[in-house]
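Each of the next two complexes has subunit A plus one other chain: subunit B in the first, subunit C in the second.
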Partner chain A sequence: MAGTALRGRLTWLAGEVAALIDEAPGVRSLVLEVPGWPGHRPGQHVDVRLTAEDGYQAQRSYSIAAPADGERVILTVERLDDGEVSPYLVDELRPGDEIELRGPIGGWFVWEPALGGPLQLVAGGSGVVPLMAMLRARAAAGTAVPARLLLSSRSLEEIIYREELAALEGRADGLRVTYALTRTQPPGWTGYRRRVDREMLAEEVWPPGERPHCFVCGPTGLVEAAASAMVGLGHEPGRVKTERFGPMGGS
Partner chain B sequence: MARISRGFRGRGRAADPARVPPGQYVTDDFPVLSAGPTPEISLDDWRLTIAGEIDAPVSLTWDELQALASEEVTTDIHCVTKWSKLDTAWTGVSVDTLLEGIDTAAEYALVHSYGGYTTNLPLEDLTGGRAWVAYAYGGAPLEPEHGGPARLLVPHLYFWKSAKWVRAIELRADDEPGFWEGYGYHNYGDPWQEQRYAGD
Partner chain C sequence: MSDDAHVDGNAAGGMLAEAFGADMTAVRGCCAGCGAVNPIASLITYTRAPGAVLRCPGCGIVMLVAVAMPGGVRVSVAALRWLEPVAG
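This part shows the complex of A and B:
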C-alpha cells in the first residue's frame, strides 16, 4: 500500500468562479480558474476555505469532478441543508466571485487510464463526483478500458451528470452505466428499484477473476454495505478503495 | 492574507477556541472514514502484537487484553477532514500498561491494522497517559466501522493516527511513514498546529 508522496506545502490559492452548472436539484458544479494550480489526478479532492468579513473562516473538503486541465478545477457540490459551507457554494456563489482552495489532496482513491482495467465504479448520490473525474479522464484519453458504473440515486431527477453519462455510454467504447433508483421511479423504469445490495453487486460488478480496480464512494451506509458485499463476493479487499461521507445510518 | 468571501457569514463562531482547533467544526455525528472495506475480525483470532526493537515480540489475545486494567477516557477527537467531536467516551487499555516491563531503545512506532492500514508516531506520543487501545465506545463494544474490535486512541493528534482495527505496534529506531503519511498527509498531525498535510 505504498503511496506516491505529495511534496511541498499545499498553499491556499484563489479560484475565480468562471461558470456555474446546475447538475441536479441542490447540486451545482463550480468551474474555477485557479492561477498556480499544480494539477491533480482523477479521484483527488481539495480543501475549500471561506472567510467572512469579520475574519471567521470555515473549511470543507470537496471532490474534483474532472481531470487536470491547466488552471481549471471543477468541483461538484451537493447542498446539505444543515451545512455551513455547501449552501453558500450552491446558492450564493456567483460568476466572478473568488473562493480559496488548496490541493490536490489524496492519492489512494485515484484511477488513471494508465492503470488499466477493468474499472468498477459504485456510487451513491454525490459520491459519483470523484468517479466522474475518472470517467472523464478515460474518455479524454480515448481508451477502451472496460468500465462499469453502478449509481444509486433517490430518483431520476436527482442523478448527477445523467445526460453526460448517457453521452459517454453512447460512445460505445466499453462503458456500461446502471442506475438504482431507491425512492421513486419514472413510469416504465426497467432499472433497479432498491438500494445497492449483494445480489445487485453480483449482477453488476466485474467478476473477481477479472481483477477489477474497484472504487466505491457515497454515504457511509452504502459504502459499508457495498464494500463488505464485494469482499464477500471474492474481491480482494486491497482492490476495493472507498471514500465515505456522513455518519452511519445517515441518508 | 485570506480573501473575503462575498456574502459568506458562517455560523461556527460559537465553538470554544480552547476546545476546537483551527479549521475544525463541531459535529454530533460520528462520521466514518476508511480507505477500504471494514475488515471482519473474529475475537478468537484477534491478536495485538508488540514487536520491533525489543528482545522478543509480545502477543496478547483478546481475553488477555480484557484482563488488563482498563481506563475510562472522555476526550475530544479531531479528524483531518475538519470535524471535531467533543466528549467522546471510550474504554480501553493505556499503551503505558501494554508497554510495562518492555525495555526498548525505540523512538518511533509504526502501528499496523487488520486490513493493511498503517500510521506512524513518535513513541513518546503513545506513552505518558496519552494513548490507549480502546475497545468500547459509549459503554458498548466498539462497532466495526469505527475500528472494532479495538482501535488505537491518540486524541491529541488528528484522528487518522488513531488506527482502526489495530493489530500491532512496531517499535522502531527510525521513523517510517504510514499509509496517509505516504500520501502527503502531515507526518505528525497536531490539530492545534493545523498540521494536516506535509509542509503545514
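This part shows the complex of A and C:
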C-alpha cells in the first residue's frame, strides 16, 4: 500500500560516482550508479543536493546526458565560478564519493525516438547536455529520424562532446551538426563566427513546413532570442520547447 | 523578461513534483491575469528566493510560488485560472 502510494513520488537517492569524464575546460561528466533509479527519458533532469557538515544544504538542477541505462545516470556539469554546487561537483568529487539526487524531473522538455522528426536542436554551451541525451537515444535506437544540431560555443575547445558529435555525424544516418564559435575561431574555420541570430536560424533550422520538433537549451538570453526568432520564422510556438539555464556564459 | 536572471518552469519541476506528486512541467496553466495559456515549463521562474516564483511570460503576474517548508513544499496558487495536462 505504502509502496503503491509512493510510486512516482520523488525521493532522494544516493548516487555513487563510478567514473568522471573531462569533457571540456571546466566541464565534467559524472557517471553515477544510483540504486533504485526508476529510469528516465531523454531531456529530463535531476535535482542534486549537497549537505555540509553543519547541515547547510544547497540544491541545483542538472540535465541528464544519456538515455536510460539501468541504474546508471550520467550528468554533465559546467563549473560556475561563483557557484555553490558546481565547483564541488567539477573539482572536488572523486570516484567512490556519494551525492544525493532525485528524479527524473520534467515531462515536457523530452524527445524520444518514437516521437519522430524532424528533430531540431539548438543549444548554447552546456545547453547541449539534455540534447545529447536525445541524440544518444536516437543513435541507440538505430533510427534515421532526420536531426540537426546548431551549437553555439565560445571556442572550439569549449565545445562539449565534440568528438562524439563528430562520430555521430559520421554515421551518416541523417544527423547534421553545425557550430557557431562566438569568441575565437581556429585558423581556417569555415563555420559561423557569431552568436545565434535570426539569419543563422533561417539557414540552419528545418523549414517550418517540415514541422520539426524543436528543443532550445542554454543561457536564458540565447534561448529567448533563438526561440522568439524561430516563432517569428513561422514555427509553431507549441513545437519550440525551451529550457533556460540562467545568466551564465557559454554561448 | 528583460533580464537574464530567470530560468523557466523546468527548474521548478522537482519542487512542484514534490508538492503535487506528479510532473507539472507538462501541465498547461491559464494565467488569471491575462488569460495566456502556457505549459508550466515555460513560466518565467526565479529560483534565487528560498523556493521558486513562477510568472506569466505574457503579463508578468506571479502565477505560482513554491516554498520549501520544514514539512514539505507549500505552493501558493496566486494567479492561476485552470490547469490541464498537455495532450500527447
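Definition applied: the second predicted complex is superposed on the first by the 239 of 251 C-alpha atoms of A that agree within 3 Å, B and C clash if a C-alpha of one lies under 4 Å from a C-alpha of the other, contacts with A are read in each partner's own complex, and residues count from 1 in each chain.
Everything below uses one rule, namely that a residue touches a chain if its C-beta (ideal position, glycine included) is under 8 Å from a C-beta of that chain, and two chains touch if they have at least 3 such contacts.
As the structure is a prediction and not an experimental result, all values here were calculated from the model.
Overlay on subunit A: subunit B and subunit C clash in the combined arrangement.
Of the two partner chains, subunit B is the only one touched by A:M230; subunit C is not. In the superposition on chain A, A:E98 contacts subunit B only, with no contact to subunit C.
By the touch criterion defined above, A:Q185 reaches neither subunit B nor subunit C. For subunit A, the partner that touches more of its residues is B, with subunit B and subunit C as the two candidates. Within the superposed three-chain model, A:G107 lies in touch with subunit B and with subunit C [touch as defined at top].
By the document's definition of touching, both partners, subunit B and subunit C, reach A:R244.
After the shared chain A is superposed, the part of subunit B among 6-14, 60-68, 96-104 or 150-158 that runs into subunit C is 150-158, by C-alpha clashes. Common to the subunit B and subunit C interfaces on subunit A are residues 8-10, 47, 61, 105-109, 220, 224, 241-242, 244-247.
Chain contact summary for the complex, subunit A toward subunit B: residues 1-10, 12, 14, 47, 49-53, 55-61, 84, 88, 92, 94, 97-100, 105-109, 220, 224, 227-228, 230-231, 237-238, 240-242, 244-248, 250. Those residues of subunit C whose C-beta lies close enough to touch subunit A in the complex are 1, 3-8, 10-11, 13-14, 17-18, 21-23, 25-26, 39-42, 86. On the side of subunit B, the complex with subunit A involves touching residues 2-13, 23, 25, 29-40, 81-82, 115-118, 143, 145, 177, 179, 182-184, 196-200. Note for the complex: subunit A touches subunit C at residues 8-10, 45-47, 61, 102-103, 105-109, 219-221, 224, 241-247.
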